[in-house]
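Have a look at the structure below before the remarks.
Labels for the chains are A, B, C and D, by order of writing; each one numbers its residues from 1.
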Amino acid sequence: MASVAVLGAAGYAGAVAAALLHRHPEFELTHVTARSDAGARLDEVHPRTRVPLELEPPSTDLDVDAAVVGYPHGASAPVVADLVERGVRVVDLSADFRLRDVATYERWYGEHPAPALIDEAVYGLPELYRDAIRDARLVANPGCYPTAAILALRPLAERDLIADVVIDAKSGVSGAGREPSHTKHFVSVDETVTPYKVGGHRHTPEIEQELGGALRVTFTPHLVPLSYGELVSCYVSPRGEADFAGVMRDAYGAERWVEVVEGPPGMHEVRETNFCRISLHVDEWTSRVIVFATIDNLYKGTSSQAVQNLNLMFGLDESLGLPA
Amino acid sequence: MASVAVLGAAGYAGAVAAALLHRHPEFELTHVTARSDAGARLDEVHPRTRVPLELEPPSTDLDVDAAVVGYPHGASAPVVADLVERGVRVVDLSADFRLRDVATYERWYGEHPAPALIDEAVYGLPELYRDAIRDARLVANPGCYPTAAILALRPLAERDLIADVVIDAKSGVSGAGREPSHTKHFVSVDETVTPYKVGGHRHTPEIEQELGGALRVTFTPHLVPLSYGELVSCYVSPRGEADFAGVMRDAYGAERWVEVVEGPPGMHEVRETNFCRISLHVDEWTSRVIVFATIDNLYKGTSSQAVQNLNLMFGLDESLGLPA
Amino acid sequence: MASVAVLGAAGYAGAVAAALLHRHPEFELTHVTARSDAGARLDEVHPRTRVPLELEPPSTDLDVDAAVVGYPHGASAPVVADLVERGVRVVDLSADFRLRDVATYERWYGEHPAPALIDEAVYGLPELYRDAIRDARLVANPGCYPTAAILALRPLAERDLIADVVIDAKSGVSGAGREPSHTKHFVSVDETVTPYKVGGHRHTPEIEQELGGALRVTFTPHLVPLSYGELVSCYVSPRGEADFAGVMRDAYGAERWVEVVEGPPGMHEVRETNFCRISLHVDEWTSRVIVFATIDNLYKGTSSQAVQNLNLMFGLDESLGLPA
Amino acid sequence: MASVAVLGAAGYAGAVAAALLHRHPEFELTHVTARSDAGARLDEVHPRTRVPLELEPPSTDLDVDAAVVGYPHGASAPVVADLVERGVRVVDLSADFRLRDVATYERWYGEHPAPALIDEAVYGLPELYRDAIRDARLVANPGCYPTAAILALRPLAERDLIADVVIDAKSGVSGAGREPSHTKHFVSVDETVTPYKVGGHRHTPEIEQELGGALRVTFTPHLVPLSYGELVSCYVSPRGEADFAGVMRDAYGAERWVEVVEGPPGMHEVRETNFCRISLHVDEWTSRVIVFATIDNLYKGTSSQAVQNLNLMFGLDESLGLPA
């Protein structure tokens, strides 16, 4: 049984990763670390996890086979590099190794702290890179919005069916993290919808990369008054004619965790699961193709997908320990 | 003091109209009617209104100077026609007289029950048709989504700056009406976002008409878990260059009820007011122009706008009795 | 592997029971029935269940070893009686067999449709009646409020420590059922708290029975704007002195599904689990003992508790297939 | 026209007070102050107020006739004392001058910073102390919970009809203030109910004082997932018999801002108004008298009540400028 640590386990994503790994039949969760809550037990900070491990201060000196790193971008890369050097196989939840082009990274995030590792990092969307993930030492877990948007659009992009696309995303507040702030205060969020980082959200280049790199994408996220879940509404100006719905069904017919459905995909249907649900509509009036996709931002959008990646990296059934 | 009736006052919009008119310094609310709640007092059905009038059974035989009609489309037109014939000046909250082209109406709604009146009906968006509203016998109050979308886009459309536009709208549940249904059950709405009438919402032709008629608009509304308020996120592919922000500021500099702001416009800021708030962003990455607008769907989106129209029709200060 | 049917599977509780049994390692879910949605598949009506069985019209002519009956009180008893006569072991989710005194039943509910079965029905709170449940043909699954209130108060009641008690309960809207109504409309529930059935909720006698029968209990439920979860705040005027916290800890030290905690018990912590969380505070100022308990009304409050009961009835590990 | 300042106008309560006074026909709002947001305009920090005044740094050197002080307890008293000495008439929103017994204050809050002023401060519940408020230099505005609880219970307490009482309160999150914290994070509040300060909330002695001082009150507030509004559920063990409902109706028959109603009082009905709504039920089963009361915690619970007090202090119609 492989041993695994979760670094940064006091955040929402880290806590979910720890909870899943603590119950996983083939991993043993041996360490959880946290900056501000070190000394407390994880089930005191996040009772729902029911993980009775003590949060240790940040460290990479951990005798483990694998690690999930839940640090902010920039802070993550040096820690990841250190772990990889020590022979630990890593799933990095940050953005640091998602972009294959270092110039693109630096345009959106600033100087890269460990560019040498970029080449060997594998983008951790199992539905696209299953084989490469199996052999990876370092998996860059996708962002939550990119997970939904890429799963929604990639089948069309691969067939060069997208001339242009607008992505209007709606996310629950857990996507903004656990740190208190005015924008996450209940009274600020309740009974309103707030677009944010308009024209400049850092998930944009990640989506563009995985759609082939040639397309500039308009991506605008909105904060909605709910806790967990994400919907991307993708408005595609198609290039040419096709059986768009058929393309989508074919792409995911064999995928356990992607459900292509009729009607609105729904957030209840994916909550606390590893599912992504997709529906596609052709708007006869404007000839636009509209694709909706929902995920739970902390599960398929982050932490259950991290476990899916770990399963692949350790030769296990990809779905082991994933919540359905 | 002009006397006024609200027909269909047991619905959300009718109740707000009645509440505003009951407190209005220059109108006297003398009759409220309702189908299912007739016999009850309005303040029993909608206590917040604090209107102690008894709901009467539906009738057009009312001795009043003006009427606000809050009936569903199709049902509204014959009642409106009857009232106009009796010399009552009418603000119709339904869609029946909003579309100037009867063929367009019939494509989206079915046979028109009173086409003869279409020509003289004035589209009741005061910021656009103030002068015509003053003389109108019949004002077709705009739909809630069109109110926000048209105010957001018309200044660009008038200058022919829109090559294409996608409108992604988010609405609170009161926009779906008071009648109980599975889709309005708290458990269905809470913690999810639901696109509906994808590619076929009947507010589409109304928006297109007021943007000049030449553009086909992609319009997709989403139900969000909140009660009151509406946000339209408009993604414009611009035709040519312009000082887009300047165009917007100039268009509304003299308008009391339209606020052009920086940052997200917000629903709290417009709740239970007649304000529409607009913000405009140019996305440098894709050159798209993104316009956001918020309104309270029951106020500027319906009933306070109806009062604004009545004020104009009766030669009063346009803002009299409007909630700020 | 025992076969099991869920009757009334289109309601919230029935759907959860079906979902749990469909994934249960030792039961085979072979039939689901529903009145209004017959013909549809359960995963169409309740996609989150992911149970691909077709809903059959109501029937008791089912070749199964066990049944969970999710009918309203009154309607349930004849169906239950029929099933028991056919040799099917039944967990009844309704109130029909919870009260051991037929006169009490008839005071609160009206005439009892099958009084002959009352004597052999076992009250299905495993923490209290584990042994009797093992041998039962008919288990009366507790109401959701009673589950929380009895678990919160029984340890004190057993030691005769309660002189008087006020129970103020707060429940999510799923507790009110799936049928649309004005009171469950999103706009009615959002941003308010509504006491209901004040001084007359039918869960009162059930709580009184399980606290020993001598105490009259003030029980007032409130609808709060959330979907799943229930909190009971129990204000006990104690009879005599005791180590109240110690009594509570001792009562549940060996119980897997009851967590005695410090601080507010929380609804997140029990959501979609079989846990009940309890905390006890002694108010030094007034000498009152205040006990809080939370459950998920559809899990420990109804359907996962039904599965816990089925496990006992079929000689299985009590916790098999229960969500943690 | 009297000039007035609001000190601490960046908090929720201060902002509402400023908004009401800015539109008040007989007061001129001339200064707003704030610690952390000084330099910004109030309508930037709280756009809904639409008050275009710049927030000044904290100061008591203000040439005004009156001031509303929105500081935390302890910090408020010295500022209030300074203002009173300068001849400014003050409504203090803090707890510093609400308790007439300094020993009681010090038991619950610690050392009193300005005990000399306690004697002349008037408790600012107009329905009880209207005449004294008219002449006061210093009015101690009641806490939000006490406002609702005292209005609900005082008519019974005055007739010595209360042997014992449990108050279970439910409050929206704005009651906890604007400062970000984990407990006010949207994700912490959404989909749960949280009792807090169990057996030790500092509003307890204030309620006890105004019920006559002889009764020890069990008071337990709960945080519920909504922004504005407060419900107190008061469980009275009555002393003797009476026409309880009649007592309540008689007490408030002449009060404009207290509505005695049948059925649940509702938060929607009082939102952004100065109303308190009360309903009373006699539970035949236990002989308890249950009184419910709702207010908007920021209006009748704080800031519109402050304006009501200012109106009285300046000889104006008590209801001038109050939102209905």
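Just so it is clear, contacts are C-beta pairs under 8 Å (C-beta built on N, C-alpha and C of every residue); 3 or more make two chains touch, one makes a residue touch a chain.
Remember, predicted model here, so these are calculated numbers, not experimental data.
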| item | value |
| --- | --- |
| Chain labels contacting subunit B and also subunit C | A, D |
| Chain of greatest Cα-centre distance to subunit D | A |
| Chain centre separation (subunit B, subunit D; CA means) in Å | 37 |
| Subunit A and subunit D: spacing of chain centres that average the CA atoms, whole Å | 46 |
| Averaged-CA centre spacing for the pair subunit B and subunit A, given as whole angstrom | 39 |
| Multi-chain contact residues (two or more partners), subunit C | 172, 190-191, 225-227, 266, 268, 271 |
| Footprint of subunit A on subunit D - complex, ascending | 12, 173-174, 178, 180-182, 184-191, 225-227 |
| Partner subunit C, residues of subunit A touching it in the complex | 23, 47-48, 50, 190-191, 261, 266, 268-269, 271-272, 324 |
| Complex interface listing, subunit A residues touching subunit B | 164, 166, 168, 170, 172, 190-196, 198-200, 204, 216-218, 220, 222, 224-229, 231, 233, 235, 237, 264, 266-268, 271, 281-286, 288, 290, 292 |
